[in-house]
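What follows are several structures.
Next, two complexes with chain A in common: one pairs it with chain B, the other with chain C.
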Partner chain A sequence: MSKVINTESKDGLIIIYTDGYLNKDLGEEIQKIAYEHIENGELNFLLDLKQSNIVNSIGASILIEIIEKLQDVNGNLYLCNLAPIIEKTFNIMGLTKYCKTFKSQSEAIEELS
Partner chain B sequence: MKKNPTVELKLPVLKDMELVATQSSEVIAKHMNLSEEKSAEISMALIEACINAFEHSETKTEIFINFIISDDSLTIKVIDKGKGFDASSIPLPDIDDKLVSDKKRGWGLMLIKELMDNVDYESDHTGTTLTMVKNKNKDE
Partner chain C sequence: MSSTFDRFQENLSSIKSPFEIISLLIKKIEENNSKCHIILNKSIKPLHFINNYIKVKEIDYDLILKEKKIWSEKYFSNKFNLEPSKTKYKYTIVNYISVGNKFKGLIYISYNKKYSYEILLNQLNFEISNLIEKENLRKKINAKNNLLKNKTLEIESLFDITEMLNSDENLKPLFDKILYFLISLFNASKGIIFLRDANSKNFNVQSSFNYDLNKINSRIIRDTRGVHKELKESFKSRIINNPKKYPLLEEGKLNCISGPIISNKKLDGSIFLFDKESRKGLTTFNNYDLKLFDSIIKKISLTYNNLFLVHSLKDSKKMIDSIMSSISTGIIKINMLGEIEYINESASSIFKVDSKSIINNHYAILFHNNQEILDILERAENSSHIFYEENLKINTNENNIGAVNLTISPVFDDGINSGMVVTLEDLSNINKVKSTFKKYVSESIVDELLLNEDSLELGGVQKDVCVLFADIRGFTSMSENLEPEKVVSLLNNYFQKMINVVFKNNGTLDKIIGDELMVLYGVPISYENDNQNAVNTAIEMFKELKVFNEKIKDEGLPEISIGIGINFGKVISGNIGSDQQMNYTVIGDNVNIAARLCSVAKPGEIIISDSVYNKLNTSSGFNLNKPLNLKGKSKPIKNWLMKVS
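Moving on to the complex of A and B:
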């Protein structure tokens, strides 16, 4: 079963760690967590997909909803540790135009903090 | 004439059953010595094809998947007995439009076309057959 396995605040970023298939259920779980943080004024998110190597377009569509919400509040969604097929899928969809991707979490933190 | 080996699956319309199809495609891709990249592209296209068949066809029963193995390609047929659709009437999604639209979904057909080498639909009111092909490289 796919799920969010951890959330932490680090160097001004809310880092969300997932495990398993990024489908509708996992997308909605990420969305719920992100929206709770947005309510608290925390607007910069790094989604670490190291342990998610498969996605579907429904899960990806929920990320688009999160990006839309963040655009309204001048926030950002970043992605790291993407499996090649997930990166390719997000590129085809154009999703990476709106959320920068990083090879690793350390690379993301170094550039963003 | 030698008949191409075929793997046939019948999937019930249940949550995450598309992953059963991807497990099969991974085994078949390995058998065919396809690259990991191609195997992942096939799995992703298959996920989208299954979701379309499960959701948009409104079929209440199962869907059928045939993997047809040949020397130079893998052909996958995803068959449902749903209401059918006109692929030409589906607009190409665009991220800029999606970001301001209430409807964020609708990416499946585009992803399938981008990830596979050849894609074709036959559809009428009795159901849809999606045929998609991934070619082998000469060195695979």
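Moving on to the complex of A and C:
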């Protein structure tokens, strides 16, 4: 089953690690975690999708909701380790216009920290 | 007033933002100690941010519509839970906001001093309605935009699946990808693909996603019952609204979309997607999903069919390649343009070329050193006949010389000439074998050995063999009076003549021991008339010797006299010797008897044993000789003697 497998704070980023199908359930789990951190004033998130190789439009639309919420509070969502099929879906859904993507977590941390 | 109002109107027209216009209008209304409330549906978001200027509250449409009357300020405040105004107002005016005949809210003005609010109110209503309309339009555009994005996703997905299906992949990874793709495209929660096993004809799980396979794996799944039976009968994709009624689909909660994989008009597999997701939770697949799913399933079926054809073609090609590479005959297929379409390993080896560098090149490149082949090919191109050339000398790419038997045959596809096939039988090795063997056996034996390898028995076996010894009488004393070169030359010439006779009669030269010849009949190949051949050899030897002696006599050389002994019986034949030197020969008592008979034969005599005599078709010329006591033999040997004049 798909789930968030870990969340950690690193170099000013909240890194959320996922596993499996980025669908409604996983999207909402990510959203819940992100909103809790936003409440605590943490505004920069890196979503590591290394272990997710499938997404649907519902999952993508939930990420758009998170981005909207972050835009209201001047926060950012970044993405890394996207499988080609996920990257393509995000591009079509317009998601990657509003959040920067990185090939790897290390590349993201190097640029963002 | 009119001049102030005109100036106000001028101010308004210079302002572009509708929000500023609305704010100014409210301010203008409230300038006269009046109160302006604007009540709107909270869903009309664009006005929220001017909350400071206007009151935006939840609106109860039904209430407004039912009580469409002029309320007192107090009633109005209570109704909408507004803070009651400290000022007592004498008059109220209500203006309803509607967009496209739909009620969206109201503007409520409380005032004491009579004033012409009509123009301001209408203007405010117009601006707000306009804003709401724009917002509605924006929402519609957004919705259309999202729809467009989803359509783009679908179209892109169709491209993706076309690419995926055309990729050269094995079944397992391909169907995993297909399932992931379908799950993602249709927002499904889970899915499963079954494929029919070619041998058992049962359906097995090929790929699954989020699906509990525990119950399925223990089931025998056939198309004689259940959901597969229905798919086999309908051959159509369909939505199954109560998946739990099928044991295979128990994992489905709401509904499931199913499709058959059809190949050669047979149900070869099935795809099931379960429980579509929406932002609000699980939902059901609809007819639009079914239409898209069905078109993709048909594409998958087609690909599956093609995949099988490709696999069987590959298998066939592999088999043909294996056959072609295992045969020693060189094969080259040339198309109508003269280009080489195929060359097998043997052909590459004959011409010492790399097949990859030759494929798709004109044959002139391969045969550039072989004008004779080029000439034949040119003739063959203009003909529909088969061309054959035996023992054709060829030059290889490495400038070696070889020999082939060449055949050029035209190829016809459905009666239409599609090129030529060149077959090359490499004679290089055969020729080497022949030239080596010819030193020991006759050419006819070599040919038979090459034709029939089974006739060659090189192991140690006991066989019936006829053994002939021919020895020169008085050679030692003769050679003492000659120069060594002359002795060698004389012997070589003598042996050449004698060996020719041996081979002519299918004898096998076993060895030359000094001035003695040992010849075998019956090995390595046995013939029915081996004994007769041996005797014929002996008689012809004397005839040849007579001619030979006359010749050497003219040269001043001494005549040669020989005696011949022949015996027939069981001997042991095989490769005898050590690792360093090994010869194919025969050993045994009967070999010794032949040697003894030879040793007692006087010049011009042929002595044969009784066993030889009994096998002869023509025994004339032989007379019974007195039994001979031979060394190592307890009993005298019966023998027959021919004196050759």
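Convention: the second predicted complex is superposed on the first by the 113 of 113 C-alpha atoms of A that agree within 3 Å, B and C clash if a C-alpha of one lies under 4 Å from a C-alpha of the other, contacts with A are read in each partner's own complex, and residues count from 1 in each chain.
Here is the rule we go by: a contact is a pair of C-beta atoms (placed from the backbone, for glycine too) under 8 Å apart; a residue touches a chain by one contact, two chains touch by 3 or more.
Keep in mind it's a predicted model, so treat the numbers as computed, not measured.
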- Message: Under the stated touch criterion, which partner chain does A:85 make contact with: chain B (first), chain C (second), both, or neither?
- Response: both
- Query: Can A:56 be said to touch chain B (first), chain C (second), both, or neither?
  - Reply: both
- Which holds for A:5: it touches chain B only (first), chain C only (second), both, or neither? neither
- Task: Identify which of chain B and chain C touches the larger number of residues of chain A.
- Result: B
- State whether A:71 touches chain B only (first), chain C only (second), both chains, or neither. first
- Task: Scan A:98 for contacts with chain B and chain C and give back first, second, both or neither.
- Result: first
- Item | Interface residues of chain A shared between complexes with chain B and chain C | 21, 23, 54-58, 61-62, 85, 88-89, 92-94
- Sites on chain A touched by chain C in the complex: 1, 21, 23-24, 53-58, 61-62, 85, 88-89, 92-94
- Query: For chain A, which residues are in contact with chain B within the complex?
  - Reply: 21, 23, 54-58, 60-62, 64-65, 67-68, 71, 83-85, 88-89, 92-95, 97-98
- Seen from chain B, its contact residues with chain A in the complex are 16, 18-19, 22, 37, 40-41, 43-44, 47-48, 51, 93-96, 98-100, 104-105, 107-108, 110-111, 114-115
- Note on the structure: Within the complex, chain A is touched by chain C residues 149-150, 152-153, 156, 160, 180-181, 183-185, 187-189, 209-210, 277-279, 281
